[in-house]
């Protein structure tokens, strides 16, 4: 249970941090962390299918797409 | 404490949704706003799964004999979430591609500067 | 074998086929929509007798699998979608020349499929999925022109739309958490036992209305609409305004009437509708420059009128709302299509550039005028019939607030008249100021007629004829609208038909 | 059946004419004349026939649309058809070289058709439908000329939409209360309605009629529209279309409500009728003096149209035999002479190349004698000189006012007549008398096809002036229809017991006095025409362009009254329009263009919904 | 200012949600329709993984819609990014030999893994989406490691279309044979074996290929 607490806390902290960072690349990494933790939580909630999908799509591919997009635009928030 | 432990998942998912909404409402960078949308998506997915969860349940897969169907978690939210994850990634990809093109035209991703269309 | 599921499956199949066809892709949407049109016309008599419940998957009874409900309302809207979609797709063959054309046509077909799915499905999550199909394809299509305005509006639309759809999903999740089912009839059945008291239901309703309201363009949620409509290609503006918003309105009506049957809530819906109407029409009057933006604001106003009529919550109100919905779909797509080639010819969206176009493009100007008159609600055009039925419903309801609202509707009609007549006078009575100014694109001789190509002209003429025909002979559509209105009112019947409880 | 035939011919004829115009212009002209001629013939056939026939059922409102014919509708229908025919005839020549003729004829016929529809419809919904069709098609023709006409058209259509929406509110409210729209059925239901409801119905519906009939203070669309429309259409507009307001008022006041209820509608000494009377009086005086200071021939006529409306109103508001007859007869008379005068103005415009400023004209009597005579007769009718039709109707109205003890109203009517005399004389003098400007030396008489309608109307003015019994019989039939006391009439006027008016006696009196005057003048020395330069240039050479013609007629008077004639109503509406525009411009700023705010709107809406649901 | 207003608004919404969640306690058994699937899923569809049977059979129509959405996203990306091709040469340095070899080695393995995931979708966790995503990540890897070996975009398009068509056609065949769109007309087989569950594996293969192609296509479009 403590573990879940920790994960949720980490996830929310990641989300907040992602909104604060000026460097978008950092934000995206934080976002990937959030997705990853979410996928772990899915697993805890007895949803292995979803966990897999979230890990592969949410955490990996989304992050890749974000990084590509940031590379093609601007890395720092004004 | 009991309240917290009962509702920790709810706190997690709605926390994520509200952080996402807050980002969308207040941040001015387009990429950040898209990140916020992603948070909302993830939060909603988590909420759906949380709703289907039974304390002490097992995944709804009869992978080995002897699993108690009574204790299986609800399969429907999982199916729904599979769908919504894909929908989310589609929207994100589209949004990011729009962001890339928008950057070509405006030279900025600041949403307060991208406002030629108004009134 | 005339299953309503073909209305969705065949266009989907065609759109998966389209990328394989390369150049031939532009003929795919007309073919698919023609098929849908014929199929839905064939289904009409059958549906009028008894709604068809289509089971999917293994044919298990409704709460256990997704089902389609081909009720008169669904078929009416499907018919409307395929009709407008068919005509607009014919127009698009000539109109869409640049860019990734085959992708355009595929996306276009998918948008319409999404809309058809929304109106036919009987499952709330399935509704959401089709909603997303509609929304995402319209995000992409709004940006089709690839200019900065198109992209900007697409991004704005996307952000607002995805917030909206997240809200819908939260609403669905709440309902699922309460009742453990996704079938709309089943949920409605459960809710009628609960009677709208639980705060969860309130909140879910709020989420639903907000979420669907974004697509349905009710007042504070419609900021995407003027941008998207004004900067999308005209065909897409026509479809967005004629079909896409209507599905949002349909969803709101479905949720409020069937799902929640929130009677006490209806006056609130009517208020929202009136506010939307006023804001839309007044903004349209204020928008003197960009004609498409003006038309978009006018769409907001019309949507407000439809929602107001739904909010009257009597049979007559729903009837008027559906009638107005049909008429507005026809008239507004007509207006956008007609203005599409006008804009193309004069090379500007400025209202003042349209001066004297009546001579150069007589037929387009004529049909534009017909559409505008129908929207104002002048007889003998279709808009008059629906407006009069809405007003009579509002007065018949015997409610002071509604009576005041009706007077506001009349006031809004005056405003509507002001701005539409402003366009009409520009078209017909003003002399074009500078002949050279009017000719920007591909060497149109200034004095000669430069009517739009015939394949673009035919659809809009058909639309104009339909408007006149409905105006003169409303029985053409009122039959099915009447049974649709009865169907929407009859919540218990809906539940019984689907769940098989008698 | 015949009514449906009439409508079909009227509307179908318009379309066929339009299509024929695509083939050849001649065919179109012939068809247009034939269609309007056929309408006149068909309508004269239904004289004195009471028909009421359902022709269409609206499925969704459960409504039957009905056409009917009775003396009232016949009276208006024949006016519409007659003036329609004449204006088409007149247009043949007048419009010859204009552009978009197919459109012109189509719209003109279409307007006539819709006007016919309004008068022969037997239920309020079809009345309203035709009324609306009439409104927008009129708009299309007012703006036809472009230029200034555009603004005039917009003004017209907006006011007209306001009016018709008020009417829509009324008829829908009646419908939702009684479940029918048939005029006769509603009339019987209304007998038992509460006073408040009756007042609501009456006031709201008369808003629309007051607008279309251009009573002060809702007259502002009329002068612009009439002046800027093409002349044959101006005559239709001012002769027939404007008088639909009188028709509507009559319909609602007497046919639907009836005298009994009307008499009940008063608070203290203010009654509905007295308010209308006040409006009529103000309209008469205001319009007469405004017409006086106009320099534009058609604008003078337009203002006179406004003013004469006041007389009709004063007539029909008093439900006495003579008042009602006078009012109705004045509708007919006014329609005849104002059409004539617009034809005259049009003929001059046609020959001089679009000159409407009467100060630039003068001395055309020699060049256009027929037109002059038409103008003279028309103006006489307008003023109400004996032996013209205007005399009879005005006489009846004055008599009503005086006998009914309404000295102020009578005074207003007289003042209006004095104003009419002044501007009528100005009209005649500035155009036809005085010095002929050099550039119009070789002007020709109006073409024959334009003369023909003018001559016909001139003859009618005199005919009805001498033999008022012919139209009065029709009018008394209308009276009988709504159970009002009819006025007894003879062919030459009104018999002794009803107030004595015998035009034959007047005719002979005038003829004899004319003869005497003629004898006297024969004895007197003949006047010798003197060239203007001889008379006051003292022999020195004055360039012809510097000649002073008759400008600034009634200059002192104008200077005196102009400050009082500021069109407050018009300014007021202008300010309303501007204010609305400004408000709209502010409202549209809601769409600020920044997506963060838009997202905020969404969340705001959600929060609002949750808030009210939580706490209410 | 803006932040304060948004916090207030979100606070109100939050209160509403807290009220709403009272009726939806966490962890309680509130399954209704789902129970039917759990008890009858294997019998009716033949798939051991109930989620799969829900995804592809009970709610197969949703999945069709979902595949369509991904298809739309791929098309939409093509529309949005049309005509703006970046020069490929610049910006990308050739990868080092180690990376290159590693990629070439890993790429087929990843594909195989993805294929395994979606072929066994009805037996184990996983399925078309997950497998497709894994395949797509394989392509991403191969792009990063050895850009020259990139598959032409045409093939992606064809795969996408074929995948979608297979889905629709299976549905239509189901309509003609079973009377219901997407009905499971093939024999169910013995549960827990590879060749069971009727059309589900076929559909999942189609979905897997399609999703893989689409996600890869999206990445391709974004990079180009």
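To keep things simple, chains are lettered A, B, C, D and E as they appear, and every chain counts its residues starting from 1.
Rule of thumb we're sticking to: a residue touches a chain if its C-beta (ideal position, glycine included) is under 8 Å from a C-beta of that chain, and two chains touch if they have at least 3 such contacts.
Nothing here was measured: the structure is a model prediction, and the numbers come from that model.
Any chain that touches chain C and also touches chain E is listed here: B, D. Ranking A-E and B-D by contacting C-beta pairs places A-E first. Greatest Cα centroid separation from chain B: this falls to D. Seen from the Cα centre of chain A, the chain whose own Cα centre is farthest off is D.
Among the chains present, the centre nearest to the common Cα mean is that of C.
Once the centre of each chain is set as its mean CA position, chain C and chain D turn out to be 43 Å apart. The geometric centre of chain A is 37 Å away from that of chain C, both derived from CA atoms. With each centre defined as the average position of its C-alpha atoms, the distance from chain A to chain B rounds to 10 Å. Centre-to-centre separation between chain B and chain C, using Cα means, comes to 29 Å.
Along chain E, residues 2, 6, 9-10, 13, 16-17, 19, 21, 24, 30-31, 33-34, 37, 49, 51, 58-59, 62, 65-66, 69, 72-73, 76-77, 80, 125, 127, 129, 215, 218, 222 each make contact with two or more other chains.
Shown for chain A are the residues in touch with two or more other chains, namely 47-49, 53, 57, 61, 65, 68-69, 72. The residues of chain B that reach two or more other chains are 9, 21-22, 24-28, 33, 50-53, 59-61, 73-74, 76-78, 80, 82-83, 85-87, 89-91, 93-94, 96-101, 115-117, 119, listed in rising order. Under the touch rule stated earlier, the contacting chain pairs are A-B, A-E, B-C, B-D, B-E, C-D, C-E, D-E.
Here chain A touches chain E in the complex through residues 47-49, 51-53, 56-57, 60-61, 64-65, 68-69, 72, going by the rule given at the top. Residues 58-61, 125, 128-129, 132-133, 135-136, 139-140, 143-146, 149-150, 153-154, 157-158, 161-162, 165-166, 168-169, 172-173, 175-176, 580-581, 583-588, 590-591, 593, 595, 597-599, 601-606, 609-610, 612-614 of chain D touch chain C in their complex.
Per the touch definition, chain D reaches chain E in the complex via residues 596, 600, 603-604, 606-607, 610-611, 613-614. Only residues 21, 24-28, 33, 111-112, 115-119 of chain B touch chain D when the two sit together in their complex. Only residues 1, 3, 5-6, 9, 12-13, 15-20, 54-60, 63-66, 99-100, 103-104, 106-107, 110, 113, 117, 121, 123, 125-126, 129-130, 132-133, 136-137, 139-141, 143-144, 146, 151, 154, 174, 177-183, 186, 198-200, 202-204, 206 of chain C touch chain E when the two sit together in their complex.
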